[in-house]
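Just so it is clear, A, B, C and D label the chains in written order, and each chain counts residues from 1 on its own.
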């Protein structure tokens, strides 16, 4: 319970720091970077819900982001809805797709799921390319609403709220424990009354809905979307790398991973733009290397070092006691 | 005769061409401890897995408290009131002892606080309360077996299926576990136990069912069964070669 | 010098200790059996000898050389073979392919032809079913194939893990007569068996293992009279 | 329109034939090493580009470089295998998922390298086979078969039969199958599992890269082509049942034909979606693939 107090305290401080960013700078460039950083945090932690807490890898997470973006765009331009309900519906549709796609695949061996979601991501990209309503390869233009402060706060409140909700859901509520039980041992989980397929599909939906909403916010913010920008591999690739690099199954790990990788990307693209594609190489190398050298991610390594230190201290204290 | 809580009727389980369980029938009455024994490979574990829903029976029917339950998946059986332990213990390794039992308590107590209270009560009962904040991985084998029982008890089952909860323990630990099993029975839980260590089965069972080659070869009070020549032969092999 | 010397091995499954200071030896040309109730540590002992498990401490000496640090395939190369519990055939290969897989080692490959003939002579039914897929064989035939596959390795020490498990009584007799026959032809055998009466009869020397510790040893005749063995098995 | 059907079937079989080659390797690597290689399409891409540049530098026909590409990439696979082995035998949480993530990262890295060095443009691989074609005039039906596609089918047949021969008739093949079917028992037979795994991975990477040259002469090549072939390898192997080699050709032909039909009759953009729906339905009905075998 002590950790809960400390967590909330840290959360409030970080959230507060973010809140005052627009007051500190009138530079829209920084505001945009902060907004996008928040967005990636949101995508990385939603990916982590499934990967870190149930052990299933979703290699098509970008599809939910894209579904949310396109739904929002279509509802706003074709049906003339307002932004908020459009983004909300975008999230719901992403959730529905997760339900349908998860049902047959989550019953199976993890690799099938990884493959199926990856294919799903690609299939949706194709779909956006061939449909008329999505504008094909030309993409879609949304009503423009150029207010960086609005988008910054929308993203901040959404991702901040999302973080809190996921924290309570996964770390404090029965749901998180059920997920962990299934991750650790599916057969054992069944014996105590859990239906693994159902719980996993729920986790998949929980991870898909906010990703869709984030996509919706992104679409309205950027005002122009196309299949490559919202449904391309890069969305998934980056979310995966951020979460794995930061440390799966912790929420904090992916947050740190997202912040670091996004900062690196921004620097890289700003100063080394002529080598842009090299970014993919670094991303790929980073993920492969972190699997080999940092299997628990940055945060995991940090925590186990802290624990190791604590254990060492405890051990020393014990020794002292014995001597005395 | 009092009412049967579990009725196994002509249950068979066939894998490929092998009849691992062959036309087995028996009943368990409320409040009893029934031992399921037989030499290695006799089909005990298979039958156990059929009863607990991990395999669907090829033939036959299983009735629990008057309801046909054959083919139910394990999580539905848990909801019906059947708890089980695993021979190869399956703790949720990355979680603490308390969390392990809390998860099992959600079935009866969906709210976190209630589940925690129930889990603590059960750990107190099974004697693991001092270790509640330790990682389940770090427990000794005896501790993990005890945790298995705790998790099953958290479901507040009316029938408890125990799979080798004593095997691998040293004599002192074994005695403590036996004590715990008897204590559970005194709470009104009916128990079906599979165990290789005969001393345990013979001491605590009200009745024993003996399997060999998938078939039931004997059933009765432990003392009678142990004198049964068919049973002795099944265990020690034929006296004359 | 004994062919196999097991000196004070301690083996763990994860954190729980399965073997405690297990010490015994097998002389060349003898048939030694390891008796004990289920979960006593018999299979663990065999797995430790053939390298599938690594002992935490202790030594295993084979033909005068320590082998407990070697990987499984190198231990096999030294001439130890295990016929594992539950046969562990290559299920989707046919009979002959299983046997050929048995003679994968270079030294065994040299004798492939004569060993194959020997196995077929020993088990004519395997020759008949040369092209049949292993998983479709009956339990008895599978056991013969497992034994045949081990013989293809041209081993110096054959370890059997519960060869009679799950076999009908007639087939159990069959398996034991095969083991006796192999022994008669000079093979060194370490046998783990639940079928105590049978095992004691064929063995030159017996060890009894309980809770991961060797608790008794002696010739078959000595142990047969001992009530303790019976007790360990039947709890009476 | 129905008169186009025979052409679609032939096209499908020819395309499917090429899929067989790397799908078999992929399935084999899965069976022996328990690795799902997300980088399979990138191996195809890298092999194709190696062929392309060797052709440009040395001026010899690309087909000549098939063995060179096989040897080079086989070697790369051979030295990479121990790293994968280390990941898969890790003691942490879920090594198999870590294996997936690892090859996922590898694929990403290769794609980046491809884009860095080869750029975004598409190229085509020219061989002496590229130009010609056979025509069959069956009265009402007219079928064209480009020589290069026919060559692709021959290549597929050679690889398939070659691999089958190795797996069935050689000691190495029997050992590889033994490892796939029962690792522990294979070890007891004296099989060095790590060594076998290295060779299998080498063969798989070599074949995939070599197939890149064939694919490059039939279609075009670019640095981002990998994903498409990774998906095809996955689909073929999942349809066939993971690790079940005998099912691979049938699944590959089926997917080839579906693809060809969509190319001729519908918008090719729907192909992937159609393939996905087929996969979805099959997994829904028979989780172990068309033949109900495999895992």
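Going forward, a contact is a pair of C-beta atoms (placed from the backbone, for glycine too) under 8 Å apart; a residue touches a chain by one contact, two chains touch by 3 or more.
A quick note: this is a predicted structure, and the numbers were derived from the prediction, not measured.
Chains making contact with chain A as well as with chain C: B, D. When chain centres are defined as mean Cα coordinates, A lies farthest from chain C. Look at where the CA atoms of chain B average out and do the same for chain D: the two points lie 48 Å apart. Annotation: 31 Å between the Cα-based centres of chain B and chain C. If you average the CA atoms of chain C and of chain D, the two centres end up 42 Å from each other.
Across the assembly, chain B contributes residues 94 that each touch 2 or more other chains. Multi-chain contact residues of chain D, defined as those touching 2 or more other chains: 93.
Chain C has no residue in contact with two or more other chains. Shown here, the protein chains touch around one cycle, each chain meeting exactly two partners. Counting only pairs that meet the touch rule, the chains in contact are A-B, A-D, B-C, C-D. For chain C in complex with chain D, the touching residues are 50-52, 71-74, 76-77, 81-82, 84, 88-93, 97, 100-102, 104-105, 108-109, 149, 153. Contacts from chain B toward chain C in the complex involve residues 16-18, 39-41, 137-138, 140-141, 164, 167-168, 170, 196-202, 213, 226, 232, 235-239, 241. Contact residues of chain D toward chain A in the complex are 36, 38, 83, 86-87, 90, 92-94, 96-98, 100-102, 104-113, 115-116, 227, 230-231, 234-235, 238, 242, 267, 269-273, 275-276, 279-280, 283-284, 287, 295. By the touch criterion stated above, chain C contacts chain B in their complex at residues 15-16, 18, 37-39, 135-136, 138-139, 162, 164-166, 168-169, 172-173, 176, 194-199, 201, 211, 230, 233-236. The part of chain B that touches chain A in the complex is made up of residues 52-54, 73-75, 78-79, 83-84, 86, 90-95, 99-100, 102-104, 106-107, 110-112, 115, 151-152, 154-155.
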